[in-house]
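Sharing a structure, written as structure tokens. Questions coming.
Each chain gets a letter, A, B, C and D, in the order it is written, and its residues are counted from 1.
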Amino acid sequence: MISGILKDRRSALIVLIIIAIVAMSLISPYFLQINNLLTLLQYSAVVGVLALGQVMVILGGGGGIDLSIGSTMSLSSVVFGLAAVNYGLSPWIAAVIALVAGAGFGTINGLLITMLNLPPLIVTLGTMYLYSSLAQVLAGGVDITGFDREGFRTIGQMSVAGVPFQVLCILLPLGAVMAFVTRRTAFGRNVYAVGSNDVAARLAGVPVTRTRISLYAISGGTAALGAVITASWLLNAKSTAGVGLELQAITIAVLGGAAITGGIGRISGTLLALVLVAVLNNGLQLAGVGSTYQIGLLGAVLIISMLVRARGQSKTLVA
Amino acid sequence: MKKITGAAALIIAGAVTLAACSNTPTSTTGSPDQTGSGSSDVKVAFVSQVEGIPYFNGFKTGGERAAADLSITYTQTGPAKADSTEQVKILDGLVSQQYDAIAVSPLDPTSINSSLSAAASAGVKIATSDADAPESERAVFVSQASDEALGSTVMDELAKAMDGTGQFGIVSGSADTATFNNWIAAAQAQQEAEYPDMELVGGIRYTTDTAQALQEAQNLMTAFPDLKGIIAVPSTAIPGVAQAVQNGDAIGRVAVTGFGSPQTSGEFLESGAMTSTVLWDVEDLGYLTVWALNQLVTETPFEATNEVPGLDQPVSYDEATKTLLLGEPTVFTKDNYADYDF
Amino acid sequence: MSAPAMTSPSTTPSPEAPDPSSAAQRDARLLSILRWIQQLLMPVLLVVEVILFTVLSPHFMTAQNWTNIAINSADLALIAAGLTLIVIMAGIDVSTGFAVGLIGWFVATGMADQRSPILVLLTALLAGAVLGLFNGLLTVRLAIPSIVATLGTSAIFQTLLFALWNSTDVFARPVFPWLSGQSRIAGFPTVALLVIVVYLILHVVLSRTVYGRSVYAIGSNAEAAALTGIKIGRVRLTAYLILGLLIGLAACLYSARIGVVQASSGGELTMLVISSVVVGGTSILGGEGSVLRTLGGLVFIAVLRNGVVLAGVPSLWNGVMIGVVILLAVGINGLVVRVSRRQRRSLT
Amino acid sequence: MTQPVLEAKDISKRFGATQALDGVSFRIDASERVAVMGENGAGKSTLMKVFAGVHQADSGTLTLKGEPFTPNSPYEAILSGISTVYQEPAFFSHLSVLENLYMGRQRSTIGWLNTPAMRREGQELLGRLALPGKLLRRLMGELSLAEQQLVLIARAVAADAQVLILDEPTSILTDTESERLFTVVDELTADGVGVCFITHRFDELERMADRYVVLRDGKLVGETTDADRDGLLAMMGGRELAPNAAMSTSVTPDRVGADSGTVDQAASPSQASIGSQTATADHDQVVLRVRGASLESTFDDIDLDVPAGRITGLYGLVGAGRTELALSILGELGLDAGTVEFQGKPYTPAGSRAALTRGIAYLPEDRKTQGLLRHMTVGENLSVAAMSSFTSTGVLELGKERSLVARWIDRMKIKTTGHNAAITSLSGGNQQKVLLARLMATQPKLLILDEPTRGIDVATKAEIHRDIHALAAQGIAVLLISSEMSELLELADVVHTLHEGTMTSTLSGAQITESAVLRGATGSLADAVSTSTVGSESEMGAIS
């Protein structure tokens, strides 16, 4: 039992988070202040939402990965902006449209991958170009501003009992829902079954194709959610909203214990990995270490976490 | 488990090392944490558009000079890439570090607003410098030169090189940077008013990095063989455009000017690939910004004309727009660029 | 062993069932059509593209413009050639761009410090080898999936470049004058000839040597390859080494072409390189592909990027076209696999 | 004939709990042809893989031409002159036949391929196996199974081997193709090469080998030069180890009309415990009726009836189309022609999911790649197909799931620590029971079992056999696909034999005899000469 706990990626993450918090509070006296901790949380919301979508795709196996998640976010952001500004819709309705659109962009990925049996890496590479470029084209390269802001800024800017709204009312509920869905519903069971062995799953009556398509739709939907949060927070719809976020989302998912081969990983692990990354980023920011160094540290964390994993698991012949 | 803890130690050690040797773009004059030795407790900061490019290094030099003169603590930081989201994060981080006054050069005037208001309501004095956020609650905008002056100056420079006639192109930075767009608009207005024989061809080419700027410039020259000049907008585009002219053996045939720091342009001013570059004395801008922040902290109102101790010329203040204006743009050429260290 | 003379084959086991059924024949016909499309897609697209741009812009079909295209994509071409080896073995490398930037910094600094060009070139090659081997060790020896490992190293390379750059743009003159793009041999840009030589060498290596065979064998069936005695680890590491050396060389071209090394130099190359390989038709699942196909994909993308500007299309559209072409190319591959699988009656 | 080319002394090899080889001593002389025989899991393939350097022996010594020989990799073995054609084909489907032939030992000068020479030699090589030379340029993946097999044999032949190991080389070859192979083997032995076969084909024994060696449960139990079928079968059988799984080679239980099992089933606890026994009324009603089923180049015009409460056997050699037929009935593979009726109504196969909801459950042939959800628990593996029984809204009622799983663990006597144990922690036999329970939990009307006991230890095998009996006794229609003769003889009420995609015979009651089944399966209906086999071998258990 104890060895089970120790082997679990999540306990390792908790230890890491504690060490990181101690180290960061030694480095910067401001780190442990309530304000800062809340700020820290606030920034994790967008990338956290994306990582949750990414981890679902990875769990589904079959080389599942979504490189287009950042671009989908940009494109959904533009869809939001166009709906709210050019068509003058209420931002709330525009947000719903953006979510549907995001899920649609994800579904396109899913259909291409499952129907044509294409490698997810390449399909989402293609749509990564496609979506980000479409976002730029549709927006004419600039940000879309001028939608009705009152009320809508709640998502991005208000806080409830001091906790940012986007964390308390979006990220955490989404995490909880996903944790519930993956562990307690037939769909979640299907996801793990498909990720574990898709042939066996199919023969056991699991709808493999439908499950995988849904995962990409979810990933697209979370990207759109990220876009809505960003739009509400910055009060403009950026055509480059998601640039570079795919790397962070993948890193957090893998760091959280999701095996890139599918079938292994927990939502709680992803959330813990998110906290760790947020603590490291924020601490370094406070210590005056530039954000480029944070990117490098993220890369190192990713590789080291894989090393720990690779030791325990059998080596594969093929990359 | 041992391995995981080992890995943890490694990661944290890396982080701490990074933090310890932060000879990184952020720099702090004075000792921020303990000693108040000689300096007062005033802490001011500036958030640049992008970390550590020569331009903002020059800004820092000026800012640090002012901080030393005024005996206050000055910190300058900024995102690694020109990313407005990142900028907002950095600003929020500074607010939670309880700075007394913060100046920002916003990449995007809209998205920074809410953070600026939050900072203002947390009691932090807020200014914009180098670029403005007109709708925000900033107390003052420290302007290097007006957009109009910059735009028309660069157009005059180009027209001079092209004898006021012929085709020219514009290679800009990323499409969503407001300042660039304002300068370009001003330049275009100047051309339409003053140089009817000149013609903008190929539209405005937006680029994200030097390599792309190079390619865009090269393709412009191919598409328009009669092209006589190019305006290159930010410091990332300048080396690309100038290199394209150099690579294409077009020195003397295609004139290049633009908005770039003299050090970035120096190489090309020497080779003749660039005729001039238009900017302002950014060290002075940094100096003025820190001075203004200190004025805000000490709650000293600005006069219509201010004598700033470290600057040669008086600085005018426009009450209506709450803008401090450094002065006219500076034109850097082969002859004078070496005098500037940014 | 002595081989007794055999009579000519008397019985021919026929693979296709002797009684032809319409369904299978239809599949076989569909498959051969798809194979045709697969083979012809890139050449046809290239021709269409060239014709289109020639019509749209009078300046497209000029020697000067083609020279520009060649010079501007030479560094890309070198990396894509190396990456092809990795992709044939079902791997990937997403760190190539920043590796170029990082090595580019050494090159530019070396040249700025007036070091001997030979020394700078050797340094670049050595640095490329080190970075390549580092990626190789992570994926080959430590068994980290190559996409994850190189995502990580890409971030690290980017940060290293940033740290070295330390807020100072480094201006560089070309390592050798012939690397600059100005130099011509018999009217051809020297760098283009260099690229062609590299492609020819790699093509010959892949198709005519034991090493090349091993690369395909590993991509096709790594376990079977191990059974035949191929040293999988060594072959894969060598491929990363080759890629690294080519990146080193490409970094010399890159810094000569751009003339300056900045914080994010090279980053834009990564996805273009992968796109070139994939659009060319090398399968990301391994086992098939060639550098010549990569060259086709590369030319397509380079011409596209050049042509849209000349034709006056805003550069924002670039990504749409590259994305569509990637999806088209892999989509047809997918159809081929799907149909041939249906023929083979396999469950998976 | 005096000097052994390859000699093994006291070779032992253990995989986890399984003693795959136990003190085996063995020799092949120059110019000798040896056939290695034995039942599933007897250790034949493992022994060959020790020779081939795939596995390293735990103890014991190998000598090659008198020199000590310890191959640490397949490559070393090949270099030393041991050339192997594995049972699971290992080739490069993306590469041409020529490239496959020479992979690993290309003709080259300092790394430079000498393609013309290889092409010349390759032509000749293919000619020896009566394959057309134009095959050289084809992609390996496009060839038929038999052609692939022949190319792999050609590949091994070309390797200048001193010892050639062929693991079931003829199982998918036609008679003419096999004869070609034997001719080539004759030539090789004439040159002093030692050849070692693994085979199940008694009809080919004399043509194939000079000496026959029998393995059983990892031990070498006999050696003879007499190709007497009964004698060899007796050695291979050795039933004293597992009386419960008694294989009666000649007696076929005739259970027509009997509701409960005949042999020692009445006392079996599992029979009593699996489900209720109320379904007896449905017995003999045809649950699955297939008419004229055809799938291009796979099977042709198959008629098949599977009645309730009966075990219907389907026998055929590898490649006969048995599994494909099952997959077509499920709808996982297409069906070019023919009709399927299920429970008296027309049924259009539409995939496993649809089949399961209708009551057709399939136990796949390959447990590892088609059955197990490797990263999941015993409970999750067991309940995955029956999730609808404990969810109505999509939210799982875990309490119900737990009791369902507990019930089946108990009924099937699955040895596990429980619901949350990792599926990979179970033995192969218990994994198979979980998979069987997975199907049973869906309460199927028709069970299609594809090699249900492959690679499973004898005791568990007997338990699974009892379970299958009990299921049929409950009224479930069982279609049992097996290449293990003893299994069919023991369990099946009716046996259909498939040969190269056609149904060659349907045997019931006393007609079910080894020779009759084999005649059907080998397509040699006219040839009444005693042909016998013990079924195709797989040692998956040993590998895992």
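Rule of thumb we're sticking to: contacts are C-beta pairs under 8 Å (C-beta built on N, C-alpha and C of every residue); 3 or more make two chains touch, one makes a residue touch a chain.
Source: prediction; values computed, not measured.
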Reference subunit A; chain at largest CA-centroid distance: D
Selected pair, greater C-beta contact count between B-C and C-D: C-D
Centroid distance [mean C-alpha coordinates] between subunit D and subunit C, Å: 43
Whole-Å separation of chain centres (CA-atom averages), subunit B against subunit C: 38
Separation of subunit A from subunit C, taking each centre as the mean of its C-alpha atoms, in whole Å: 30
Distance between chain centroids, defined by C-alpha means - subunit B, subunit D (Å): 73
Two or more partner chains touched - positions in subunit D: 332, 369-370
Touching two or more other chains - residues of subunit C: 162, 223, 226, 263, 314, 316, 347-348
In subunit A, residues with contacts to at least two other chains: 136, 140-141, 199, 290, 292-293, 295, 297, 300, 307
Interchain pairs in contact, sorted by label: A-B, A-C, A-D, B-C, C-D
Residue numbers on subunit A that touch subunit B, as the complex places them: 6-7, 12, 15-16, 19-20, 23-24, 27-30, 33, 35-36, 39, 42-43, 136, 140-143, 145, 153, 156-157, 230, 233-236, 238-241, 243-244, 280, 282-293, 295, 297, 300-301, 304-305, 307-308, 311
Residues of subunit D touching subunit A in the complex: 330, 332, 351-353, 355-357, 362, 364, 369-376, 380, 384-385, 387-388, 391, 394-396, 398, 438, 442
Residues of subunit B touching subunit C in the complex: 25, 51-54, 57, 80-81, 175, 202-203, 205-212, 214-216, 218-220, 222-225, 236, 239-240, 242-243, 246-249, 263-264, 267
Subunit A - residues contacting subunit C, complex: 65, 112, 116-119, 121-123, 125-134, 136-137, 140-141, 199, 247, 250-251, 254, 260-261, 290, 292-293, 295-300, 302-303, 306-307, 310, 313, 315-319
Interface residues, subunit B side, partner subunit A - complex: 1, 3-5, 7-12, 14-16, 18-19, 22, 24-26, 28, 33, 51-52, 75, 77, 79-81, 83-86, 88-90, 92-93, 95-98, 108, 110-111, 113-114, 174-176, 181, 206
